[in-house]
Amino acid sequence: MIIVMKPDATRQDIQKVEQRLLDLGFHTHPIYGEKKTVIGAVGDKSRIDPSNLARMVGVEAIVPIMKPYKLVGRELTKEPSVVDVGSGVRFGGEELVVIAGPCAIEGEEQIYQVAQAVKKSGARVLRGGAFKPRTSPYSFQGLEEEGLKLLYQVKQDLDMPVITEVVDTRDVELVSRYSDILQVGARNMQNFRLLSECGKTKKPVLLKRGLSSTIEEWLMAAEYIVSEGDSRVILCERGIRTFETATRNTMDINAIAVVKELSHLPIIADPSHGTGNWKYVNAAARAFVAAGADGLIIEVHPDPQHAASDGPQSLKPEVFDELMQVLKPIAQAVGRTF
Amino acid sequence: MIIVMKPDATRQDIQKVEQRLLDLGFHTHPIYGEKKTVIGAVGDKSRIDPSNLARMVGVEAIVPIMKPYKLVGRELTKEPSVVDVGSGVRFGGEELVVIAGPCAIEGEEQIYQVAQAVKKSGARVLRGGAFKPRTSPYSFQGLEEEGLKLLYQVKQDLDMPVITEVVDTRDVELVSRYSDILQVGARNMQNFRLLSECGKTKKPVLLKRGLSSTIEEWLMAAEYIVSEGDSRVILCERGIRTFETATRNTMDINAIAVVKELSHLPIIADPSHGTGNWKYVNAAARAFVAAGADGLIIEVHPDPQHAASDGPQSLKPEVFDELMQVLKPIAQAVGRTF
Amino acid sequence: MIIVMKPDATRQDIQKVEQRLLDLGFHTHPIYGEKKTVIGAVGDKSRIDPSNLARMVGVEAIVPIMKPYKLVGRELTKEPSVVDVGSGVRFGGEELVVIAGPCAIEGEEQIYQVAQAVKKSGARVLRGGAFKPRTSPYSFQGLEEEGLKLLYQVKQDLDMPVITEVVDTRDVELVSRYSDILQVGARNMQNFRLLSECGKTKKPVLLKRGLSSTIEEWLMAAEYIVSEGDSRVILCERGIRTFETATRNTMDINAIAVVKELSHLPIIADPSHGTGNWKYVNAAARAFVAAGADGLIIEVHPDPQHAASDGPQSLKPEVFDELMQVLKPIAQAVGRTF
Amino acid sequence: MIIVMKPDATRQDIQKVEQRLLDLGFHTHPIYGEKKTVIGAVGDKSRIDPSNLARMVGVEAIVPIMKPYKLVGRELTKEPSVVDVGSGVRFGGEELVVIAGPCAIEGEEQIYQVAQAVKKSGARVLRGGAFKPRTSPYSFQGLEEEGLKLLYQVKQDLDMPVITEVVDTRDVELVSRYSDILQVGARNMQNFRLLSECGKTKKPVLLKRGLSSTIEEWLMAAEYIVSEGDSRVILCERGIRTFETATRNTMDINAIAVVKELSHLPIIADPSHGTGNWKYVNAAARAFVAAGADGLIIEVHPDPQHAASDGPQSLKPEVFDELMQVLKPIAQAVGRTF
């Protein structure tokens, strides 16, 4: 880490900072510039919260040099990780993997209808919400365990891995029994207890990016899961919050290339939430595949006008099928099987 | 609600939308403009997720007319609420109430030292974190129940209400036993299960605004708590995330006047997190008092350089004492006792 | 437009608003709901700044129904516009058009070297800055007219249309003499005088989106140009400002689909500024082509380490050439010739 | 500046970077950590665009140590500047200075009426727009020179300095003849040519913060003016663009304390644009005075319902008068005369 001293820091101020660093077990390397002195500190940062040094007299700023994440970063693990979720489905490998299904499971007929349709179109994993985080306490909150059972039944019948969201530490064990992949939603990206509980199950976890999370914070959230010994984390870009109101969120297309550089984890994209409007899903899906995403998660509903949740952004099965056709040559153009 | 039809919507499209609305129990009032038709729909919106109507052919947009929050809004409850947290401390009344204490409880000596100091300076409530949500899994996570016990001990000895954060639904009952006020942090503002559990305790809840939450979403989060029958909610503006990096967050000073207009709940401000830098806390605290906040929550630590958490933004007790002196005439200028 | 009255608006308040609307030449259509009254106002909004009605007693909100832009919108002009910039280059048609060149023109050798290379790789238009808007007054500000002359010379020699930025109303005439396309940069997107002056030249104008501009504001800026009688406007998404710092800007991939729906103007993307890092340019370029952009503008420099401006985000000619190869199958997959 | 090398940078990579720095006239100070090497470079940064070094093999990041602004910063000029605008009005001194007047000058009667009223209430400077930057080309664009003449007439009659916006380099000379202070609006904050032209007049310049400008970019914009030899710059915080839509902008209350730390220039606030709603102006004005702003600029109109521009956020003269009364004790509480 580098400590930048103020232009008017005295020699005594500098010595005190050096002494403090030495006491903490660092080696110090002061560099005296014309206007400012900086002190390079070499050693183990984990013994100290470096931000506290900012309180010392004469200190202008602290510049960290090492990335705060270790297990999910590229510095230790050079090769990209491949996350196997069962039934031969692997995220982060050569194949582009599409997850599809309704926002919320509404009943047996609905989930079967969607599952069969999306499977036929080429989706490899079925999504369906049983516990729904809703902005309003008066909105439909999901079928809960009944929904999980329906999901499990479909999974068995169609031999298709399933994913569903978990929103409460108390439900992690329950959801783990039914679902192949645990989904942590954007609003819970920094629900650190939930991250740890999910990590303890050692199941694959899909971690959505928070609405206002930097990529670094997102990787730190993944680090919570991996530090519990669960290395099967899949990241999911689903749009961030900006001033633009023409779409529900602003999708950070750059995040794919940045995450690929910083982390070895697979990353997929959610154009349904990222746009909030079924009319824009196709373009966003194409774009993320072209940018190098390892997969997509897309909301499909047989009758979006009557959906219990997220109707405006859900595709009808036939529209989803067209999208899957459109994606093929793009996936191939970027070297993916699909 | 108002349904805006596209310029090229046909008469048939319009009729279908009207029929759908009638089926849902609405009365419809179409207005035919030169270029566009709009349909006013009068009735009970709660039977329907209006966003789904956006899927109908010819519909351009849906404009809600009623506020989505009911219990926390001003439409039903005209008078400002006063939240009594015990020991004669009331938020939302004439008195400006200051909460102070360390970010994290680190030990008996530390918490007593701070508590006595801030009480002497005029703070009415003691804060202290026992469960800490930290960006990194490698950072200090709090003393947990041991911390709660220390907090309770201080509360008893100094007859001072205490507040501490709860980060897990599984801890709500435990924290409720020790703390007068439950704090829901910014990262958990849309952890709806946690909100509901807190509401069920019927204890006062301090609800911080999420980093990327609109005021409407914040009020909807409060609605979750109040809809459980717990009307003692205190809102807390603690800064939102923007592009500016000179401070940890951007404090939304306008939020005070807006919330006062839209809601009857008391609102306080957290200049420690809102600035992230002890040097700026004084100015922000003054500003929020002048803007009409009902109180403040401020981090105070006897030795910020060695704080386990949030050292850079914590005030030393003597600096906090000066701040309290500075606030007096400003509080009086806006009609507050202090 | 719709006027939403407050729940406690009196019959008299409502009548006064209606009277005011009638005086302004509107027809009024009040709808009396259970809690609120709304008044539909049909007529010519251009006679009045509707926001002023918000000042009347009892008014809660004003909801506009018509889009504020006319000439650039899809409501009047259904078919997509094709912008011909000379030498057979057309934006918005079937062909994907790539603009490439250095951020700043630094000298004859440099601009020729780049121009020949990018032309060979398939770029159709040459970019090169002669007037540079720089954050610091101490940075290189461009070769000015000398640069324009070099650009013009290359244009003549290679029969390649050229584009360069204009940053001052006083330079519009000068730049028009040398350049085929006038570029209005992100920082000048709401420099309305500059927009009008550019529009008066009747030359093609490339209008970059402002760093914090909504799509609606961007279209309104285009409306300034078109309202001067210049219909040859090309929009350019170049990233917006968000909280994310891993990249220079956040590229709004959704903007392509949204603009295509709202406007008939062609739209291209600038992955160089949108990422700020040459390593991410390839992924962003692929994504925007897949999303349906009509073209790209990319910074290429023979020696980015020694570039006078934007070195970090410029591609070397050989890297640009690889990119052009990669784009081919993606362009074809979305139905473009390239 | 500090160059951070990647963990896998070779000794040769490091040597090449050092050699490049030596060639550029820097002294180098490499520090070899366990995982990464950093190189301190001491010397004159102005000879080089340091961002280009990021292109060298093995370089991870460049960390600047010196502030990019010189003339407006506190490093060279320790004492706060006081900007004298004539008639005994000084910004940045002990007195809190309030600028008031209509958004746009609409006619002789209007401007006289407002001027007399605000002067009586204690405003020291009169504002009034003659050239209006409007989002729509179809909105009122100002009375132009006729407006300037009216402003000048009032200035003479009431011995009150006046301020008006300049939006075009071609108008700078004209506006300078009539106005005591040149206002550069938010949308033109990075119209660098306009900044330079204003600086050349040596007149006081009020520089509003751009909607999406960091404080550092704002100070760099001020540096453009001061580097022309015009040291009389007044900064004005007017709200930034965020995701919150309840108000027109989000006012950055922290900006006052930050700017006071980083720069010697006076800073005022514009609660009219910062809120966009006259109901919130009072609270924001109180807050900024309490935070330490050197003044305020407030829109006042005799008949906001019929204002040509910004009706919703303009105060009636009597409401402005009440505000001025409310501000007195707050100004005094923070040590201001008023």
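Which chain is which? They are A, B, C and D, in the order written, and residues in each are numbered from 1.
Following the convention adopted for this analysis, contacts are C-beta pairs under 8 Å (C-beta built on N, C-alpha and C of every residue); 3 or more make two chains touch, one makes a residue touch a chain.
Note that the coordinates shown come from a computational prediction; the quantities given were computed from them, not determined experimentally.
K.L.:
Looking at A-D and B-D, which one has the bigger number of contacting C-beta pairs?
P.N.:
B-D
K.L.:
Look at all chain centres (mean of CA atoms) and spot the one farthest from the centre of chain B.
P.N.:
Using the mean of the C-alpha atoms as each chain's centre, the farthest one from chain B is C.
K.L.:
Go ahead and note the Å separation of the Cα centroids belonging to chain A and chain D.
P.N.:
38
K.L.:
Determine the centre-to-centre distance between chain A and chain B, using the mean Cα coordinates as centres, and give it in whole Å.
P.N.:
Result: the chain centres lie 26 Å from each other.
K.L.:
Could you grab the centroid distance between chain B and chain D? Build each centroid from C-alpha atoms only and quote it in angstrom.
P.N.:
Comparing mean C-alpha positions, chain D is 31 Å from chain B.
K.L.:
Quick check: what residues of chain D touch more than one other chain, meaning two or more?
P.N.:
212, 241-243, 245
K.L.:
Under the stated contact criterion, what part of chain A meets chain C in this complex?
P.N.:
Residue list for chain A touching chain C: 212, 214-216, 240, 242-247, 250-258, 261-262, 274-275, 279-280, 282-284, 286-292, 326, 329-330, 332-334.
K.L.:
Where on chain C does chain B make contact in their complex?
P.N.:
Per the touch definition, chain C meets chain B at residues 2, 4, 7, 29, 31-36, 38, 40, 42, 63, 65-66, 75, 241-243, 245.
K.L.:
With touch defined as at the start, can you tell me which chain D residues reach chain C in the complex?
P.N.:
46, 49, 51-56, 68, 133-140, 167-170, 187-188, 190-193, 196, 210-212, 217, 220, 223-224, 227, 241, 278, 304-309, 311-312
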